Amino acid sequence: MHSPTIQKIIALFSKFPTVGPRTAARFVFYLMKLSPEETEEILKSISELKKNVKTCSFCYNPFESKEENDLCSICSNPIRNKGLLCVIANETDLETIEKIKKYNGRYFILGGTVSALRKSDMEKLRIKELEERIKNHPEIQEIILAINPTSDGETTTLYLERLLKPLNKKITRLGRGLPVGAELEYADEETLRNALEGRK
Amino acid sequence: MHSPTIQKIIALFSKFPTVGPRTAARFVFYLMKLSPEETEEILKSISELKKNVKTCSFCYNPFESKEENDLCSICSNPIRNKGLLCVIANETDLETIEKIKKYNGRYFILGGTVSALRKSDMEKLRIKELEERIKNHPEIQEIILAINPTSDGETTTLYLERLLKPLNKKITRLGRGLPVGAELEYADEETLRNALEGRK
Amino acid sequence: MHSPTIQKIIALFSKFPTVGPRTAARFVFYLMKLSPEETEEILKSISELKKNVKTCSFCYNPFESKEENDLCSICSNPIRNKGLLCVIANETDLETIEKIKKYNGRYFILGGTVSALRKSDMEKLRIKELEERIKNHPEIQEIILAINPTSDGETTTLYLERLLKPLNKKITRLGRGLPVGAELEYADEETLRNALEGRK
Amino acid sequence: MHSPTIQKIIALFSKFPTVGPRTAARFVFYLMKLSPEETEEILKSISELKKNVKTCSFCYNPFESKEENDLCSICSNPIRNKGLLCVIANETDLETIEKIKKYNGRYFILGGTVSALRKSDMEKLRIKELEERIKNHPEIQEIILAINPTSDGETTTLYLERLLKPLNKKITRLGRGLPVGAELEYADEETLRNALEGRK
């Protein structure tokens, strides 16, 4: 029903995270109403993002720096504890953990999770890079696998635990149990079992 | 916490419909991962959208045409009933109504709804243009106010009804009543009253 | 896991409308905590309900009367319009419609809806009684089929329409269309079609 | 609108857990339709519940026994670990924990939680009885406070921790952390902090 130009941009926007064709169409109508200056600002911002923002050579977090710098502000911060490495699936998880202000080690962004141990899926993750980091950085003492306890996340965590075991570092997972506000009656059995075993 | 370039583009994306800062950040991380070619494709598509897609001079629907054409495919379709004008709030409503294949008149996209009859809000809508269309097109016999029966939509519909009354055309609203799948017990009183009065 | 007495009462409570085994168990724990006097009050109330409350001989609405009376307060009210008969599925629908204070005719409680025209299912409804009422009450001019526009409700309504047609009375349904607060974009196609056709 | 008998029983049913006036009315309509035999069965079952079912003299769990027995099947089970005491708010929590088959100690049903440390509220809970149990049963080595980590539950847990501290027993809470299926991004900060601190 839409014209080819609109159809094409709807297809492109539909690849954005959380965006479906209906929302993509709304983006198009929004863009249609913008002035040429406003549109230009968006185009320029996207270009600048790709030009100015680098990816940290240690943790893969996007960052911006005018200096010749390979490391993001977290990885280059001398106060952060270099003995801790928190492995996370995505960039948003880094923000989430930083916000609680309880972690002062470094991160490593894996780039996602896998639902099964298919080689093609595994290769999309930065697994080799993670192994390298740990081997090249003997100062790392504990690796925290801070991956979502979802089905995919558990598969990924289990794989990483086995893979990293021979490196002889302390490997931990985030604690499992009852979240704030939970009611025993509605908790799933696995969570309740974790809560009972992890009592303290 | 984000760098200035990222912050700026998050601010721009946050103005997109349905997008908040969290989703905007995900868009940024998505863009960061794209190849230069993929990014270029998005930039080019946005530019082409603004260049190729015109707004229909009758109904304000976006459309694309290689010819020198002012009217969208609906407004220029000789088979459509020129006696019917369906006034809708947004472009998406046009698609929604076209999809049910029951309406064969023309549309007029008002550009939104208002929550109160403040002059500043009213001026954002194409109210003058609507009046002009009706005055300049004596072939229009019925004006269907197909605006959401939400609080804002009702305010807007009521205002349009009063405004258009002197033009001596048939003015209708979409039928109110019980939607498919509704249960009397959970219907609000106003809807039930409409359903009882509109029985047939 | 529960003892036989508890299991039995859980089974009985689980047949109550909206109650599942988990809620039934909570009822049991609630009853366990009551004083003998409180328990006695519940038992007495249930007994009295069955003793004092009669079912209206016209509409099947439960009612209570110290006099020798066969009709509920609605059916015996001389001001109510005897020309209107509103056919509803359940007792709760009667309350729902009374609450909007727009209907002043009589009711007929069908006793449910059916999902298919199986004879065994149909016999659970008061279909013969409905036919009889209409035949024996020539003052009835309009029969309003106020059945939920759900799948089961539609099947039942359609069946009643065909069945009652030979009686040569005006037969109506509750109006279909957009409910208060609806948004076109999220309305189902059938509802939108009804709203467009029922515009006024 | 309802008759006095119906109104009274609606009021009584409305005190049942999870039941509001609308559901209570449905219960009444359900009862109205039952045969005298079915109604009698419900009345008899409630009477028998109050007659046959006792409350365990140790844990307050309802149980049924033909013998002269003061203890429920859990408390009188010689295989259960007498060193563990799991303090729970309600009877349903006992079932919930039994279902995961990981706990083999005894229980104590507190009878609820409190939202504030008001004396009048505290007296509704079996707090004195809990203290007595622990003092009179030196075999108890660990007291697990398995109370919901809701606002009320936390207030109650905190109060019990302080109260029981002088008794010099090991006092634990259920483990806090991420539940199965959780996503870091949507976890509340407190839960994430618990998950990070409780990593293992």
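A, B, C and D are the chain letters, set down in written order, and residue numbers restart from 1 in every chain.
Just so we're on the same page, contacts are C-beta pairs under 8 Å (C-beta built on N, C-alpha and C of every residue); 3 or more make two chains touch, one makes a residue touch a chain.
None of these values were measured; they are calculated from a predicted model.
S.K.: Let me spell it out: compute each chain's centre from its C-alpha atoms, then which one is farthest from subunit B's centre?
M.R.: Greatest centre separation from subunit B goes to chain D.
S.K.: Need the CA-centroid distance for the pair subunit B / subunit D, whole Å please.
M.R.: 53
S.K.: If you average the CA atoms of subunit C and of subunit D, how many Å lie between those two points?
M.R.: 37
S.K.: Just how far, in Å, is the C-alpha centre of subunit D from the one of subunit A?
M.R.: Whole-Å distance between the two chain centres: 40.
S.K.: Could you list which residues of subunit D touch at least two other chains?
M.R.: In subunit D, the residues touching two or more other chains are 22, 92, 185.
S.K.: By the document's touch definition, which label belongs to this structure's chain graph: line, ring, star, complete, or other?
M.R.: Contact pattern: a closed ring, each chain touching exactly two others.
S.K.: Name the touching chain pairs, please: which are they?
M.R.: Final set of chain pairs in contact is A-B, A-D, B-C, C-D.
S.K.: Once bound in the complex, which stretches of subunit D touch subunit C?
M.R.: 1, 3-6, 8-9, 12, 15-18, 22-23, 25-32, 34, 36, 39, 41-43, 45-50, 52-53, 55, 62-64, 90-92, 95, 98
S.K.: State the interface residues of subunit A toward subunit D in the complex, per the touch definition above.
M.R.: It comes out as residues 88, 92-93, 96-97, 99-100, 102-103, 144, 146, 148-151, 172-185, 187-200.
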